[in-house]
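Multiple structures follow.
Each of the two complexes below includes chain A, the first together with chain B, the second together with chain C.
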Partner chain A sequence: MLKYKIERAPAPVWMRTLIPLIAIPVTFLITSIIILLDGANPITAYYHFIISPLAGKASAIEVLVKSTPLLLTGAAVAFAFNSGYWNIGAEGQLYAGAIAAAWIGMTLKDVPPIIGIPAMVLGGFAGGMLWAFPSAILKVKLNVDEVVTTLLMNSIVLNVTSFLLNGPWRDPVSMWPQSPEIAAGTVFFKLIPRTRLHFGIILAVLIIIITWFVIKRTSFGLKMRAIGLSREGAHFAGIKVNKTVLTVALVSGGIAGIAGAGEVAGIHFHLIDAISDGLGYSGIIIATLGGLHPFGVGLAALFIGLIDTGAQTVARQMGVPVYLGDVVQSTLLLVTLSLFVLQNYRIRRVK
Partner chain B sequence: MHAVQMKGIVKRFADLTANDNIDFDLEQGEIHALLGENGAGKTTLMRILYGLYHADEGEMLINGTPAVIHSPKDAIRLGIGMVTQHFTLVPTLSVAENMVLGETGSITVNLPDVEKKVAAASERFGIPVKPQALIKHLSVGERQRVEILKALYHDARVLILDEPTAVLVPQEVEVLFDALVRLQNEGLSVIFISHHLNEVMEICDRITVLRDGHSVGTVRKVDTNLKQLANMMVGRENFGVTRQGQREKGRVELCIQGVHATDKKGLPSLKGVSLDVHQGEILGLAGVSGNGQAELSAVLCGTKKTTSGKVMVGDLNLTNAEPSAVCAAGVGRIPEDRYANMVGELSVAENLVLDQLDQFVNRGILDQEKIQENAKKLINEFQIKASPGDRVRTLSGGNMQKVMLARTLSQKPRVVIASQPTRGLDVGATDYVRTTLLEQRDNGAAVLLLSEDLEEIMALSDRIAVIYAGRIMGILPAQEATAEKLGLMMAGAPTLDRKGGVDAEI
Partner chain C sequence: MELTLFLVGLIAATLRVATPLIFGTLGELFSERSGVLNLGIEGIMFLGAFTGFAVAAKTGSLWIGLLGAIVAGGLAGMLMALLSVRLGVNQHVSGLGITLLATGISLYSFRVIFGESKIPPSIEPFPMLPILPELHVLAPITNQYLLTYIGIAMIAVVWWVIGKTRFGLQIRAVGENPEAADAAGLNVYAIRTRALVIGGALMAVGGAFLTLAQLGSFTFGIIAGRGWVCIALIIFANWQSVNVLFGALIFGGVQALQLRLQTLGFKLPYELFLSLPYVVTIIALTLAGRNASAPSALLKAYRRE
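Here is the complex of A and B:
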């Protein structure tokens, strides 16, 4: 007779990769309660959530559009988390990148794209880095908790944006608080005409691959992972902990900044208040869901992009609030985190 | 009456069988030793008894009744307590708080009450601890007492001690043994794991020997001797490495001048330590634990700042240098706490190169082939029971230590700082490490050996310094050192002159 039993031991690797996949149906089960309360049919709702967006070409492309900044914020957060630096500030760093990009777009007048586009990318990177710097330096010099400081930096940048848009940068011809349009040469080119899919996604995929390479293949990556797993052990082995953490924090901010630049240069063409609406926070969910592995992050970003798109379809088709998308996302994070407990168990067949 | 019976225990980790059909029984009121080489499966067997692992096959009887032990909670309920190789106390909490941690009886904790009970238990079993003290302020020996007391606090009738003496000095071992005998007289049973055969012969009633996951057999102390035990463990009888001959001393390679430093509580613990270690010599630093050795080792390893004083390696000033600079200067370091100073979640291969990544990198990219090769070579040389891809966390205590030793000693350091290098190693591995240290010395390295094991100090050192209360009491050439003289100095007898003679008066 065969019996199975559960025991406390690290689960096999494939099991760990399975956890996010188990989390998805569990999340759907939980959130369907809310949908039911709203008087809608969960099955239809989930059909619109995850199937409809992929059914049509236009909406499938829209999924990729939505995923573009998510790939970047997810990569940014995962990069930092790998070294144990808990960067919660991707949202703020994204805004800082967007502000920097908007400034470059307004300042450069007649540039060819070959100069304009790299300038936007570098500008976004620099902006994000700049915004990540205070928290990073406080962390390595004074050991101030980065969770708190990066979070606070998020609120500051929102106010800076409002100030710019209602004051010095306000576009006089527009009704809305927004900056003047960026120069044509700084706009990210379209990948498919008459859609919103732009160069940013190529950049994002590239950055995912680069972060993977750095984390898994380089000595810098091994050092940052060692620090993330045991600061004391890494320090003892002669790894320059502060220098490494500082670099990681700044690069992480920079990647998030590129996401902001992409939104300005690829989607909105000027700076607006609602340039992000939580893309940075979604990055945390994506990084966790992706198990902090850049490729996992890639898949998770596409999935969250799908849910974001789906939320709009559901809202349109069934009249439930768009916020359902956020509810699903947050529930997914909680469920995934809870399911990570499964990592510590394995099921074994006994004879 | 058997307090514990384990029958046909099998435990596999992936394709490794750590326990292969082991029978083990513990009688009421006996002290039973578990012997075996590093990685033989001792800890695994005990973790099964304590509910930390589950056996794949086999059954257990506690006091004659079949028992299923799913977790330490079950074990505690059945009266089994365990002190693990790596302690599990929460450093930021007090002794008393640690006692009741994980208890789920009620929501509130009556701390003064707990403290009173702890004090009473401490008195009754003759195990001195202060209930209010914070764990992080305690020495390793004190932490162990807390662990033991914690088990007793929960009414353990069976006490498992996994290499308790590895972290103790001889005097503390005596205190521990006194306590164990007292427990035995109260009817408790003790399982005692150790690599020191003489300890086992001193205190135990019966001895079970494990080898490669098998049980070689159980013998009564009165029916056996050291040679037979060694033979059962590894299949050979003779052990022991000693320094061969005198050597010409080279120039001073490690120079420590007037070093002051504080301990974890911020109290002065090094009060002007000065030592010179020459090329091609082993300078042994003897002393009772807690007299500043840990701080001195940390200062030299780069993990602790001095308050004043100077550390030179050759012409390099390494005072308050970061570990990276210390590594770069060619100082090999074997720290006291190996577990904390490695990255448990990284693989053996990765840990083996972590402090010398430059050697294994090609334009910033890791040279995986070279890393694997290095791991295979060192695993073979140091007989580490593990494969390159295993996470260090999963290794047995002794094997974890061998990883640290291999990493340090394979780099041909010019200075070696070795703290308790053979702690937790089996006899074979101890010999190997001692031989390697002597080799380093013969190749011209300056070796500072910090050890609480006088035998080890006397067997290896060219000169022996004694530390007491943060000061160097004196330095003796090895030929003049006797256990008695050293013992007096370790107890704080001050009148020894620096050149090595002992004043006639003492």
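Here is the complex of A and C:
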């Protein structure tokens, strides 16, 4: 009788880069089931999903707008994951950055942009860092699991935001719970007039390049990756594990905070309850899809930005619910994760 | 008399708020005792709320709706098992993936089935049990939904199943030391899968309670972090089923008190009250150290070499 045996056989390194590319068609195949359930044609739907947004100039720019915060949350999560620090809190750190930026925007009255914009960026970074701090310090000092604490910090900051918007920061002239508009000098300048594309994307690309440089080209990055591979191993190699992890966790929070500052200073000009709506969680998808490599993260963020824009196109053109975008994103995450594991297995016939 | 009415109302509301948390936390307890942190809980509760509502609305039967929620939750638990147990994918990321997927599918299906109507669709929810006559002073406390009673009874059931049965012993064994359990002839994958399926079903019932009993309608913000509260409660309960009751009641009590004081005209920063369980959990984690009584193999994928 023939028998099959599954055994571990590590795949070559180049496979890792191919996996996201295989995952995309697999995901489309799976999600076409629910498009069919809605009575729509999956092929037309996917045309509107990934081709239509790129066909027009306005919608192509919108893809970049949507990608801006995603580049940052993706970079934030990937930075932390590289050293094995499971920061699930990018969502909360983004909110904290947005709160800090909104505060700076309300406080600074007549500043020139040359001061206002850097203040917003630094404020966002500081806000995100501050929000990442409790989880990070508990992790290194008392070995408290960071997954649960970063996750709970997300819930806390949502309540803090809604407290500020319904109480002390509520803009009295607005019908909606939102903070007063930020000062003109703190608004991120537009890259293309009459679009929403703003300075944030330059910042995001710059940060992607910097994280790449730090992770791949500095001794600090080498330590980070060593800790990511094996905390004990790194410790025995003489690396100051706690100090490195603390720094990584705080910088990761700071990067996510800049994403929040960008949404306030470049898109909304107020703090609102729905400033994020899951951008931090998408960051986890993007980091995974990008194989935790900053450049992979950059491509993945653009792709998820495309899906976010495409979901709206599909909804407009075909009446398919816009939430198809969420389903595609999450399926893509699960498929990619599975493929990353499966690549290490071979089915072999045994006698 | 004023005070009696206030207290009776408070206790009644506490039990209502606690019900979905009891189901959710018991579901998470099954998962975690077998060694799997299921961060899919937030989405599975949402899926349960949606499926229960949609099936009940389409079949006209609340019980079939509840059954639908149980099946959907079980399937989501099975998907979590496929990813985190069979394939050994990182539990945090796969759990969050399940939450995102379950939420997305629910939102998508809700729009497909019910369209984008101005008036949200609603159903006639489960009635409260008429245990005491309506005018009796204690009636608000005793006359709860059947699901609330089932939830409280379920704590005893779960305590018995995990603590006293062979299946419970197997769950604890694979959660504490999967290598030894395997050596003793247990199928680690199968036991963890079963625990996750049961856990998913319980989580979904917690969500379905909101649509089928408490509200009679489905809104997009219906779960609003209740799943994360359950993750907090389980740490607070030190992974013991009986403590789940106290945790859920304390949290439900704070929540109910805050709502009551607000309706009485007290100006409270209620949003900050809502953060309390999270803050308390982080402090509890700090004092106890998560690793003290968590199942030893929690978060570790088991690989059979």
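Following the convention adopted for this analysis, the second predicted complex is superposed on the first by the 333 of 351 C-alpha atoms of A that agree within 3 Å, B and C clash if a C-alpha of one lies under 4 Å from a C-alpha of the other, contacts with A are read in each partner's own complex, and residues count from 1 in each chain.
Going forward, contacts are C-beta pairs under 8 Å (C-beta built on N, C-alpha and C of every residue); 3 or more make two chains touch, one makes a residue touch a chain.
Quick caveat: nothing in here was measured; it's all calculated off a predicted structure.
Visitor: Taking the superposition on A as described, I'd like to know which of chain B and chain C A:218 touches: first, second, both or neither.
Guide: A:218: touches chain B, not chain C.
Visitor: May I ask you to name which of chain B and chain C touches more residues of chain A?
Guide: Larger number of chain A residues touched: C.
Visitor: Would you check which partner chain A:250 touches, where first means chain B only, second means chain C only, and both and neither mean what they say?
Guide: Touch status of A:250: no partner.
Visitor: Looking at the overlay, does A:284 come into contact with chain B only (first), chain C only (second), both, or neither?
Guide: After superposition on chain A, A:284 lies in contact with chain C alone.
Visitor: So in the superposed three-chain picture, is A:304 touching just chain B, just chain C, both, or none of them (first/second/both/neither)?
Guide: A:304 sits against neither chain B nor chain C.
Visitor: Mind working out whether A:237 is in touch with chain B, chain C, both or neither, as first, second, both or neither?
Guide: After superposition on chain A, A:237 lies in contact with chain B alone.
Visitor: Quick check for you: in the superposed arrangement, does A:326 touch first (chain B), second (chain C), both or neither?
Guide: Second partner only, chain C.
Visitor: Let me check the overlay on chain A: which residues of chain A are in contact with chain B and also with chain C?
Guide: 8
Visitor: Give the list of chain C residues in touch with chain A in this complex.
Guide: 37, 39, 79, 83, 87-90, 92-94, 96-98, 100-101, 103-105, 107-109, 111-112, 225, 228-229, 231-232, 235, 269, 271-272, 274-275, 278-279, 281-282, 285-286, 289-291, 299, 305
Visitor: Contact residues on chain B for chain A in the complex?
Guide: That would be residues 13, 52-54, 56-57, 71, 301-303, 322-328, 333, 335, 340-346, 350, 354-355, 357-358, 360-361, 364-366 of chain B.
Visitor: For the complex, which residues does chain A have touching chain C?
Guide: Residues in contact with chain C: 8, 34, 37-38, 86, 88, 134, 138, 142-145, 147-149, 151-156, 158-160, 162-163, 166-167, 278, 281, 284-285, 288, 321, 323-327, 329-331, 333-334, 337-338, 340-342.
Visitor: Per the contact definition, I'd like the list of chain A residues that touch chain B in the complex.
Guide: Contacts found on chain A: 5, 7-9, 217-223, 225-226, 229-230, 232-240, 348, 350.
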